[in-house]
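Each structure below appears as C-alpha cells.
Next come two complexes, and both contain chain A; in the first it sits with chain B, in the second with chain C.
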Partner chain A sequence: MQNLPDFILIAVILLNFFLLGTSRLGACVQAVALQGALLSLLPPILSGPSVHALSLAGGAFCLKGIVIPALLLRAIRKLDINREIEPRLGYIPTLLLVALTTAGAFVFGDRLPLLAAHLNSLVIPASLSTLAAGFLTLITRRKAITQVLGYLIFENGIFVFGMLLAEAMPLMVEAGVLLDMLVAIFVMGIVMNHINREFSSSIDTDHLNLLRE
Partner chain B sequence: MTSLSVTPPSPLPSAMQMLFLALACLSAGALLPLVALGRPRLAQRLGVATGLAGGVSGVVAAFSMLISGTASDLALPWTTAGVSFALHIDGLAAFFLLPLFLLVAGAALYGSGYLDATAEGRGAAFHWSFLNLLALNMALVVSAANGLVFLLAWEGMSLSSFFLVMHAYQDPDALKAGRLYLIATHLGGALLIAFFLEAGRRCGSLDFSAFSTLRSLAPPQALFFFLLLLVGFGAKAGLFPLHVWLPDAHPAAPSHVSALMSGVMVKTAIYGLLRMLSFLPPLPAWCGLFLLTLGMAGALYGITLAMLQDDLKRSLAYSTVENVGLIFLGLGLWLYSTATGQATVAALALTAALFHIWNHSLFKGLLFFGAGAVQHAAGTRSISHLGGLLRRLPLVSSLIVLASGAIAALPPLNGFISEWLLLMALLALGQAATGGTAVLFLLLTALLALVGGLVLLTFSRLAGLVLLGEPRQRGALGHAPPAAMVAPMLVLALLCVGVGLIPGVPLKLLRGAATLVAGTPAAVVLPFGPLWGFCGGLLVTGAALLVFIAHRRAAAGDARRPTWGCGFLRPNARMAYTAGSFSELAATTLLATPMQPVVSATPTTCLFPTRAAFAREAPDPVLERGLAPFCGQLARRAYLFRKLQAGKLDIYLLYMFLATTLLLAWAMVG
Partner chain C sequence: MLSHLLPHLILLLLLSPLLTGIITRTKAVIAGRRGAPLLQLYFDLAKLFRKGMVVSSTTTWVFRAGPVAGLVVPVLASLFIPFGGIRAPFSFNGDLVLFVYLFALARFFTVLAALDTGSSFEGMGAAREATFACLAEPTVFVIFIVLARVSGSLTLDAMLSSLQSHIGHPAAGVPLLLAAVCLFVVVLAENCRIPFDDPNTHLELTMIHEVMVLDHSGPDLALILYGAAMKFFVMGALLVSFFLPPQPTDIVTETTAFVGAMLLLAVAVGLVESAMARLRLIRVPQLLVGTSLLSCFALVLLLR
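Our next item is the complex of A and B:
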C-alpha cells in the first residue's frame, strides 16, 4: 500500500497519453471520468481518512467520476457525434508533445524548492504534466466536447497540485473549485447547444472567430 | 501656498469666495440643462443664466485678486485617496481667469442668440451642459493647486470641448475635425500625465506646493521635463508644428465655442507651461532660442495659411496659430534673455507675451463672435460667397473692422501695444548681442515685421471681401443679429479700444503674474503717457464720428451708387476679387512650393470659351504632407500586429501555454 499514491499518479499520467492519442469521444469521456475518480481517492490516502479528506473525496468522486461524465455522454448521444475527425494537430505529433511536456515536468519538478515531505514524490510532475495535457487538448482539438474535456483535464491537474496543500486547504475552497467547474460545464453545455443550433452541422468552435471584432 | 494642507479657513478670502461661487454656478450649469432635456428652450435659458452668472462672478473674483494682490487658497483634503481638492488663486491664475470668465460670460450671452434652441431639440441641452462644463474645467485647470486636480480638469476640458466641436456631428467634416482634435489632445495629455507622475514621484506629493523641490533638478532632467511640457502643452496651445487640429476644430464648432476655444482654451495650455516652468530650475539659453524659433515659424506659417483660406473661421483659426506663435516668441525671448542675464529685456519680453495673451483673447473673441454673426446672417462662411455685409449689418461690420485693426496691430488699438513691446524686446536683444546672434535677432525683427504685413493683408482681405462690395452669391444677403449677440461684441470692442488707449492699467494688473513667473519683480516703463491716450482717443473718436456720419447719410437714402466698375459697362459680382484671387499674388511670389495652395482647374484648350471649373484650396501642409502620410505608414506597419489577434480561442490558449512554459523555464534557469 505504500506505493498506492504513486500508482495512481502514474495512471493519471498514462491516461493523459491515452486522452490525447484517441479520436473516440466516448472513450475520451470515460478516460477523463476514470482520471477524476482515481484522483478523488488521493486525499484520504495521502492525508489519512479525516472528515475533511473524506468529504472532499466524496464530492470530487461524485462530480468528476459520475455527474459530469454522465452529462457529457448524454450530450454525445444526443448530438450524435462519435469522433474528433479533424484535430488541428495530428495524434502522433500531439503524443510527442505530451511526451516532451511530461519529461519537462519531471525535470522541473526536481528543481523546485519543496518541503522535505514532498521531495521525490510524483505529485508535482503529474500535476504539471496533466496541466500541459489539458492545455494541449484545448489547443489541438476542435469540438466543443473536447474543449470541455480539456478544461476537466486542466482541473484535474490543479487538483493534483492541491494535494500538496491538502491539510492546509480549507474545505470551502475545494468545494468552491468543484462548484465552479460544475457551473463552467453547464455554461459550456449551453454554448455547445447554441453552436449546434446555429451551425446545424457541427459543434466546431472554429465558427466562433466571427466574434473577434 | 503654505496653508494648503490645513482645513479650509473659516472666512474665505473674497476672491476665493467669488471663484467658488463662479465654479458652483458653472457646475449647476453643467447639470441643470440636462434636467430639462426634453424642453430645449428651458434648457437653453438655464444654460445661459448659469454661464452668465458664473462668468460675471468669476470676472469679479479675478479682478479683486488682481487689484488686492493677495493670493488665496482652498483645500478640501480627501485622506482616503491621499490627495486634496486644492485650489490656489494668485496673480498668474487671476491673470488667466480674467479673460476666461469674461469670454465665458460673453459666449453664454452670445450663444443665447446664436443657437436656435427649438431647431436644436435635445442637442441644445447637451450643448449648454458641455459649454458650462468646458468653462468649469478651464477655470479649474487655471486655479488647481494639485497635480491630480489639474489633470482631471485638463481631461475634462479636452473631452467637453471635443463634444462641443462635434456639435454638428451629422457633418462628416465635423466628425473628422473632432477625431483629429481628440487624437492630438490626448497625445499631449499623455505626456502631461507622464510629467505629473514623474514630478509627483520625485517630490513625494502631487501638491504644487511640494513641486518647489524640482528647483534642485540636474540640468538633463530639467531639460527632459521642459521638453515633455513643451510638447504636452504645445499640442493644446497650437504650437507649430503641433497645431494641426486647430484649423479643423475651430470652424467645426459653433462660433461662441470657437471664441472660447481660441480665445481662452489654448491659453490654458500656456498657463500650464508658465506655471510648471516656474517650478523648474533656470533653463539654458538654447531652450529660449528653440522656443522662439518655433514661435516665429508658427507665426509665419499660421498667417500665411490664414491668408489662403476661403473659410472665414478657418482663416481666423490659422490666425490663432500665428498669435500663439507670437506669444511663444515672447516667451522664448524671455527664456533666452533670462539665461543670458539681461533682466530688463526679459521683463519686456515676458510682459509682451502676457499682454498679447490678453489682447488675443479680446480681439480673437470679438472676431469669432463677428464671424458667427456673419454666418448667422448670411448662412455661409465661405469668403468667396460673401460680400456687401457692411450695408446690411453696419454695427457688427464696424466691430469686425475694428477687431481686424486690433489684430493687425494698428495704433491706437490694443494689438499694437503688445506687438510693440515684442519688437522693443527684439531690438534691445539685437543691440546687445554681437556677431551671429545679433544677425539672428535682426532677422527675427524683420520677420516679425513681415508677419505684421501679412496680418494686415489677411485681415484687409477678410474684412474687404466679406463686408464691402456686393454678395458674390445670391442668397448670401443677411439679416441683423439679435441684441444678445451684439452686446458681448460691443463689450469686447470697448475693451480693445480701452486697453489700447490706456495700456498702463492692464500693465499694472499683469505685473503680479509676471513677477510670479519670472521670480523677480519685473517693471516695464512704457512711453505710453497721457498724451498717447489723448491722441489715440481723438483718433478713435474721429473715426467713429466719420463712420456715424457716413451711416446717417446712407440711411437718409441719397448716396447709394454702384462701386466704380473699372470701365466695364455692367460690372457684376462675378468680376470682383474672390478670396483666392486677392491673395494669389502673395501666394505665388512669396511661398515655397510645399506651402502653395492646391489648384484644380480645367485647362483652356480651344479658342472659344467652354465650360470650365476652377477650385483652389489650401490644406495644411504639415498635416497633409507630413503628419498624415507618416501616421498612415505607421498604422500600416502596426497593422501587422493585428494578426496576433486571431479571434480563435485555441490560438489564445496557445499564447497562454507558451507564456506559462516560458515562465516555468525562466524560473528553472534563473
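Our next item is the complex of A and C:
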C-alpha cells in the first residue's frame, strides 16, 4: 500500500460510501465527477506515461470529470431539484449494504486466481465494490438523475476492472465505451426532460410504473 | 508507573478548562469578535463553586450523584491514557473496555439525574444522549481493534505510545488515518460539539447534553462543566496520540509536544464549529453509522 494507485482506489471506495450516504444531488454529481477524474489518473500511473495511456486518461478525464458532470449539474439547475427526498431504501440501510458489499468484494477479490502482479493490489476489490455501489444506487433511488449517477458509478467500476488489462485494452474499445456512455447520458437527459414535462416538474421514475388514462 | 500519577493529574486538572477557552476564542476570532478571555472557564468555575444551590424538592440523591460521576469518571479514565511523555499511571490487558464503559457509567448517571427531575424536556434530552452514545460506541471499539491489531497490544498505554512509529508505516498508515478521522467525529459527538449539539444554546429543541443539566446550579453545575472539560481533554488525548512525533525523546519534549497538539486540536474543533452548522437531528445517526462503517473499512484494509 506504499504507492499512489492504492490511495486513489481507497479514495474511490470512500466516495462510494459518501455517494450512497448523502441526499444532496449536487454533492452526488460532484462526487461522481471526482471519482471519474481520480480514476482517469490511474492508467498513466499503472502502466507508465505512454501515448496510449495518456490519451485514455485525457479522454476519460474530460468526459467523466468535466463534460458529463457539467451536463448533470445543468439539468439539476434547470429542473430545480436539490434532494432525493425519499429513496426506496433509507440511507442507513443503504450504507450498511455498501459496507457489506465492500467487505464481500475484499473477501472475494482475495480468492480469485490472479496473476502474481495483481495479487495484492486493491484493483479487484475497488472495482467490485464500485460496481455494487452503482447497482445499489440504481436500485434504491427514485429520481431519474440519481439513476443516471448509478449508471456512471457502475461504469467507473468497469473502468477500474479494465485497469488490469490497461496495456492490452485497445484504445478504440475504451473510446467506444466512453462514447456509449455519453450517448446514454444524452438519452437520459432527454428522458428526464420528458418525465419532467409530463408529470409537472418532478423526475420521480415511480410515475412511469403507473398507467394513466 | 505510579511516579507519573502526580504530573498526570496536574496536567489534566489544570489544563482541561483552557481547551474550552481556546475553542470559544477561535470561534470568536473567526466570527470577527474579540471573544471571552481564554481563562473564562476557570473564572466561571470559581464563581459557581462559591454560589449556593437550588435543588428541586422532587429529586433524590440520584440527582446529586450525576455531577459527581461526571467529574470522577474522566479523571479515572484519564489514568489509562498516556499524556505524551507521561506514561499512563495504570494499565492492564483489556483496559480499553474499562475506558469505554467508564464513560458509559458517567452517561448513565447523567441520564438518571436528568430523569430524576421529572421534567419531560430533560427526559427528551436524556433519550437523545443515550441513543447517540449507542451509535458512537461501535466506532470507538472498532478503532480500538484497529489500534490493537497495529500495535499488537491490548493495553491503551502500549497501544497509544507505540502508535507514532506505525503511522508512517505504509501498510498501517491509511487505516490509522481513517481511524483518526472517525475518532475526531466521535470526539465531537461525545463532547456535544457543533455538528451534533450546540454547546451555546440552552433553549432550543434540538439540543442534547445541555438540556440534561438545566436543573443543576451552583457547585453541581461547576462539577458538570469541569467534568465536561476533562472529558474533552481525555478523549482529545486519545486522538492526539496519533500525531505525536515518532522519535522517542526525553519526557519534557514529548509532553510539550503533547500539550501543543492538544491546543491545536482545540483550535481545529473551533474551526469546525465556525465552518459548520449543526446537523439536523435526523442526520446525526446517519453520520455516526457512517463513521462506524468507515472504521470497519479501516479494519478490512488492515486485515487483508
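The working rule: the second predicted complex is superposed on the first by the 206 of 213 C-alpha atoms of A that agree within 3 Å, B and C clash if a C-alpha of one lies under 4 Å from a C-alpha of the other, contacts with A are read in each partner's own complex, and residues count from 1 in each chain.
Assume a residue touches a chain if its C-beta (ideal position, glycine included) is under 8 Å from a C-beta of that chain, and two chains touch if they have at least 3 such contacts.
Owing to the predicted nature of the structure, the values given are computational and were not obtained by experimental measurement.
Chemist: Answer with clash or fit: chain B and chain C placed together on chain A by superposition.
Modeler: Fit.
Chemist: Touch check for A:Thr140: first (chain B), second (chain C), both, or neither?
Modeler: Only chain B; A:Thr140 stays clear of chain C.
Chemist: Quick one: classify A:Arg111 as touching chain B (first), chain C (second), both or neither.
Modeler: First partner only.
Chemist: How many degrees apart are chain B and chain C as seen from chain A, counting from C-alpha centres and rounding to the nearest 10?
Modeler: With chain A as the vertex, chain B and chain C sit 130 degrees apart.
Chemist: Looking at A:Leu14 after the superposition, I want to know if it touches chain B, chain C, both of them or none. Which is it: first, second, both, neither?
Modeler: second
Chemist: Have a look at where A:Arg88 lands relative to chain B and chain C in the superposition and call it first, second, both or neither.
Modeler: In the superposition, A:Arg88 touches chain B alone.
Chemist: Looking at the superposed set of three chains, what is the minimum CA distance between chain B and chain C in Å?
Modeler: Between chain B and chain C, the shortest C-alpha distance works out to 17 Å.
Chemist: Which chain B residues qualify as touching chain A in the complex?
Modeler: Per the touch definition, chain B meets chain A at residues 645-650, 653-654, 656-657, 660-661, 664, 668.
Chemist: Which of the residues in chain A end up touching chain C in this complex?
Modeler: 1-2, 6-7, 10, 13-14, 17, 21, 91-92, 95-96, 98-99, 102-103, 106, 110, 125
Chemist: Touching chain A in the complex: which residues of chain C?
Modeler: My answer: residues 170-171, 173-174, 285-286, 289-290, 293-294, 296-297, 300-301, 304.
Chemist: Tell me, which parts of chain A touch chain B in their complex?
Modeler: 88, 101, 104, 107-108, 111, 128, 132, 135-136, 138-140, 147, 205-206, 208-213
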